[in-house]
Amino acid sequence: MCLAIPARVVELLPDDAATVDLGGVRRRISLALVDDVAVGDYVIVHVGYALNRLDPAEAERTLALFAEARALAAPPQP
Amino acid sequence: MCLAIPARVVELLPDDAATVDLGGVRRRISLALVDDVAVGDYVIVHVGYALNRLDPAEAERTLALFAEARALAAPPQP
Amino acid sequence: MKYLDEFRDGGLARGLAAAIAREVDPARAYRLMEFCGGHTHAIARYGLTGLLPANIQLIHGPGCPVCVLPVGRLQMAIELALRPGVILASYGDMLRVPGAGGDSLLAARARGADVRMVYAVDDALALARRHPQREVVFFAIGFETTTPPTAVAIRRAAAEGLGNFSVFCNHVLTPPAMAAILDAPEGTRLDGIIGPAHVSTVIGTSPYAFVPERHGKPVMVAGFEPLDVLHAVRLLVAQLGAGHATVGNAYTRVVAEHGNRKAQALMDEVFTVREQFEWRGLGTLAHSALRIRECYAAFDAERRFAPAEVAVTEHKGCECPAILRGAKQPQDCRLFGGACTPEHPLGACMVSSEGACAAHYLYGRWRAA
Amino acid sequence: MKYLDEFRDGGLARGLAAAIAREVDPARAYRLMEFCGGHTHAIARYGLTGLLPANIQLIHGPGCPVCVLPVGRLQMAIELALRPGVILASYGDMLRVPGAGGDSLLAARARGADVRMVYAVDDALALARRHPQREVVFFAIGFETTTPPTAVAIRRAAAEGLGNFSVFCNHVLTPPAMAAILDAPEGTRLDGIIGPAHVSTVIGTSPYAFVPERHGKPVMVAGFEPLDVLHAVRLLVAQLGAGHATVGNAYTRVVAEHGNRKAQALMDEVFTVREQFEWRGLGTLAHSALRIRECYAAFDAERRFAPAEVAVTEHKGCECPAILRGAKQPQDCRLFGGACTPEHPLGACMVSSEGACAAHYLYGRWRAA
Amino acid sequence: MTRSPRDFPRRLDLARGRIELQHGGGGRAMTQLVEELFVAAFANPALCALNDQAVLPPPAGRLVLATDAHVVSPLFFPGGDIGSLAVNGTVNDVAMAGAQPLWLAAAFVLEEGLPLAELARIVESMARAAHAAGVAIVTGDTKVVEAGKGDGVFITTTGVGVARDGVDTGGDRARPGDAVLVSGPLGEHGIAVMACREGLAFDVPVRSDTAALHGLVAALLDAVPAAAIRVLRDPTRGGLGATLNEIARASAVGMQLREAAIPVREPVRAACEFLGLDPLYVACEGRLLAVCAPEHAGALLAALRAHPLGQGAALIGHCVSDPQHCVELETVLGGRRVVDWLAGEQLPRIC
Amino acid sequence: MTRSPRDFPRRLDLARGRIELQHGGGGRAMTQLVEELFVAAFANPALCALNDQAVLPPPAGRLVLATDAHVVSPLFFPGGDIGSLAVNGTVNDVAMAGAQPLWLAAAFVLEEGLPLAELARIVESMARAAHAAGVAIVTGDTKVVEAGKGDGVFITTTGVGVARDGVDTGGDRARPGDAVLVSGPLGEHGIAVMACREGLAFDVPVRSDTAALHGLVAALLDAVPAAAIRVLRDPTRGGLGATLNEIARASAVGMQLREAAIPVREPVRAACEFLGLDPLYVACEGRLLAVCAPEHAGALLAALRAHPLGQGAALIGHCVSDPQHCVELETVLGGRRVVDWLAGEQLPRIC
């Protein structure tokens, strides 16, 4: 019910709307809940609305933490 | 559109209605257009309403005329 | 089936046919109009023409309510049917009558209109009771035969307070149509008229008195069974032979001179005569149709929905108007059987089996030539 | 799929699982509640339990809007759906939730109600535009995630003057539910909470501050991808190991401390807090749900149609209430998998794949034992 | 099939349950419906294998294949229901090739909301009809459409049979001089269905004539030389009128019928009077029409009348040479008329 | 068939005409529709005889019979339409028995108001699909229901084929140790249909995978010994999840799958994210699932990949001994879960 997925904005449309892309699938969403979205931004889409922008730098930071954990877990590389 | 068929009243029903029979087929009709119908009467049924009573004596008279015509037309019986 | 089978008896038919052949004047032609579609149907269905002498010509009249309703009124019904929330109920044949540009109630239904076929006006009342949140409009057509049941239904709706029921009234009157036929050039060439069966049940035989009086032609009221038609022909031949012209009754088992007074009173309570009304083929005739009286205005779909009256032209080339006046026969229409068939009728006469074109198409066209 | 596939990576998952195993205190138990059905779904769908040490126990929370709506509210929706002229639109899972005596919106549809499944509230707006003569009621459910889109839709309907659109509002608030859980006896036994993902997108992390402050337990906001859940578990283990209790954020790429202020303002414009609202499992909670403000009353289905509030009892024997409080597990219900299956759910938790019972039934029941 | 408690923890609720979309979804609910209702009623090895097809022994002879969708409304009527109709209607199309029907496939399109109790009645009726006809329902399919997108249930049955050697009953084989026979009175199926339509408050002492006719066909083939039987057909939709016109057209012959010879029972005639119908166009579902060489007409009529399903048989006319291949009728009155195809949709949803 | 001017004075108006009740009435309008549309498109001698059944030469071998009702909504979708689907869907059920499909019967339930132009497109698509598959549509039926009692058109096709000697691919033959293969990426049909549903404004670069698979099946039967192929089935409604559960149940085995090995293309995965679906339950209409003896799995995979319709084939798991006949999955994450049947009606009206 609260599922929401990250999609890339590929086109801004009139009426505070945009086209987003996820894995080649495009759909029209509303930008009524977020300001200043630009083409190329990733937004979190829920029931046809962008709830928020996704912060790529924070995503990288989190993934870096995961990679660190893996490096510790993995046997030392030859 | 103006087709109407003679059917025999087999039962009087409440609400000025009756059940009629034609060749074993029964249906409910309205008697709103005719007064004093009795069981056994033949009525002329049109779109679910009795339009009039049929007069058996007149029917016989007409059929007698037809029979007369046939008798004249037929070769004399041996 | 008592009072039906006897009047379809082959042996009696041969007797009547022989009598007619014997009594007919071979030196003259008899041009007799069967006023009603019911007669037209019986003639085609039982092959009566073959039983009559060649000099008796039966000519189709305008007595088919489906046939005489002009396209404009049908378009109003289609418009009503397409309104959101409306259920339009009508007798079956009306559904296939072609309107403007080939439209029809069936075509409207295919586009989403809710159109129901009913066998009786009471079925439309039942629809209104069953769907209280919908507007049920009964598309009422017919001559004086069908009008009294509509009157009873409207009274019942009023008594029940059935606020979602109304009637789009297209009931028409027989005598003005008969007068119009006789006033037309083609009408003057008729020798006599086989008069309505069940219309006469209601109105009696007296309303036809003007025919002998003003036009000097006999009228013979006849039932719709084949022997009734033969009987009426025989009686007309007799009148014409004797030089008489009266209103006769070949349907005495059902029709009385003054008709059904109770039915007449009910009609009169609910309906009043329109100033004028358009007929297919006959044009606009004064005092020739009924509308719902003021006191039952709540049940009048014309007042309730005010459907737009549209000027619509009939299909070009369709000879229905002339056929309904008795001026032409179906086979005179160049569309007959080609562009116009019962599957794809272009005119109303090709729809109902009481219509002249449909009767001719279904029962006789290949052998008539 | 960028920002999805990376957070489902099997190699990274093994690394995180190894880190958790390393960092966990084998001597103690960790009772962590995943607040949201989205977490429940991810745990079952990806088999996360098998990757965690045995002493970490994940406990389903009440964060499934379909699950927490009480039967009485559903019955009101069914009543609305059955009204003539009404189209009731709702998100898919709601249609199969069992109401009183096994009724449901789907069952109502089978009886003739016009119930439509929509994927977005804007689809309900579109229905209202397409059917101007019908009344379109949007059956709105959901936490703060789903509420802002409903607010936008109501504003749009007002701007367009879409008079046949209204909302049956059942939007509920997360923090009061979390407080109720922690106040209950079962809640006191929890060690920490995996906090909402997309609710937090809207409201931020600060509304959970009462959890460490009043209850001394940590909250870790987490996304719904499986690595997000593992990440949150790891961070909670770390806090619990260090004896800390704060509101943490394991979903920093999307969630900010103060959430989406524009969305909050829109919600506030259209909705106001109800005095109280009933939750399945949690009872009646003060200030725990929203209703439509006076200025948008025209779009409030409760005002417009005044559906009767009915006292309805849940299915006897259904343990949903206890499961939603974290007091029981699906396998504790004696109806689970026998009388109650996803095909014939007896309780709401068996309907949506985010419901605890459905998740357990679909993904794990045969191997869990 | 092994049955574990995991499969279907709850049995289908045949008393109060209704068809839901999930019964057509391909999941457990559908499998349960198929097993507990269809397979239980139609039980035979090919069907019980629960594959998406039936594998059957090689048939000995020419194969006859016939399919019919059944959409009759209402679903239940005096003398039958959509289930028995769906079996007999297709069995008869196989039989009219002079064939022995062996197997049926059955595909159901169910409307969401259909009471399972109604479906069960229909399925049991199909099972009885199939058993009576000696055919096995060996494979099937179930789809569900949303409420308002169907009408209770539509059933398409497809029949497979084996034709007798040397028999050819195609519609193109009638010749001038051939006799035209019907196996019994006409129109009883159509009137039985019409009389129980909503809004038609008729009480008609008529039951549907629905019956499987391959036994009667076999008796006919035993009675006269194969080549003497030119055409066999069941006068279903469109009635006698349509069927004779089809044959006349395919064979390029005319026909001359005697109305007085055509058997129609009084209640059917009476119901037609009420409804404004012509019995010549009202459907049968248990009658056949045979065109046969004139010299064998007597033997064929005797064979028809000797069979329980042909007791009301009659010789109703004969074929003539006619470039316009008209079907003509001498009316009861002694007049003549053409019997055209049925025009329009006199009786929708009769089969 | 001789055609006289009397028959059909006006041709069908395929540009502007619509289905009317009379097109199912058994009269001239129906005969005209059948001849000018169906017979013209499917032309073959059995059908052109215009009898109520087809008489066909004796087939050489075990007969395979399969039937499917098709109710897909919308009628047209990227990569296909209800017509091509109705042909391929039934051809595939015949093919999954390891059989050569020969003949089809087709029964149409048409809704009053359906544009004839749409019906013509569908019929032409069926004709192309049948031609491509090398099957003849030899008999059929047409019914019309009132507007609001159907949904445009439903098509039931029934297929007849001949099984190869010695081949048995029934669902009950899987054994522990057997390999499980799929012929290509999953879910493309279901997503293509969903994406063009009214109210779902998705733009998905996915076309239906609908295709006839008997050529691929023949290639497989040529590649390995007949007994090595245990089970063949097409994962249609209910997708891979339902199909594997059916087989596991019928064969009383468990299965162990690897999620990472199951081919699903990215747009299908993405569309499933948007719709909240699991690709394991989304229908294919041009894929097959094979269970085969482990020692022949490599050869079978190679044969699949060598065929144009099997290029995306993959070995996705194997059967195990399991009294509860569970289908289990090792998830991409390394966790384990059960793959149950589809619950509920995830995607109604997909085929």
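To keep things simple, chains are lettered A, B, C, D, E and F as they appear, and every chain counts its residues starting from 1.
The definition used in the following text is that a residue touches a chain if its C-beta (ideal position, glycine included) is under 8 Å from a C-beta of that chain, and two chains touch if they have at least 3 such contacts.
This is a predicted model, so every value here is computed, not measured.
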Touching both chain C and chain E we find B, D, F
Touching both chain C and chain F: give me those chains, sorted by label.
D, E
Minimal path length between chain A and chain B through chains that touch?
3
Chain whose Cα centroid lies at the greatest distance from that of chain A:
B
Taking shared residue numbers divided by all residue numbers at the interface, is the value for chain E and chain F over half (same) or under half (different)?
same
Among the chains in this structure, which pair is joined by the largest number of C-beta pairs in contact?
E-F
Give me the superposition rotation angle from chain C to chain D, based on Cα atoms, as a multiple of 5 degrees.
180
Computed distance of Cα centres, chain D from chain A, in Å:
22
Cα centre of chain E to Cα centre of chain F, whole Å, reads 28
I'd like the Å distance between the centres of chain A and chain C, where a centre is the mean of that chain's Cα atoms.
73
Please set out, as single numbers or ranges, the residues of chain D touching at least two other chains.
1, 4, 9, 14, 17, 119, 123, 341, 343, 366
Could you check chain A for residues that touch two or more other chains and list them?
3, 5, 22-23
Flagged in chain E as touching 2+ other chains are 6, 20-22, 27-29, 146, 266, 269-270, 273, 276, 324, 340, 343-344
Which of the chains are touching one another, listed as pairs?
A-D, A-F, B-C, B-E, C-D, C-E, C-F, D-E, D-F, E-F
Per the contact definition, I'd like the list of chain F residues that touch chain D in the complex.
199-200, 260, 266, 269-270, 273, 275-276, 278, 324, 326, 328-338, 340, 343-344
Hey, which residues of chain D end up touching chain C in the complex?
84-85, 132-133
Under the definition above, what is the set of chain A residues touching chain F in their complex?
3, 5, 22-28, 45
Partner chain B, residues of chain E touching it in the complex
201-205, 266-267, 269-271, 273-274, 276
As the complex stands, chain C meets chain F at residues 106-107, 109-112, 337-339, 341, 343-344, 366
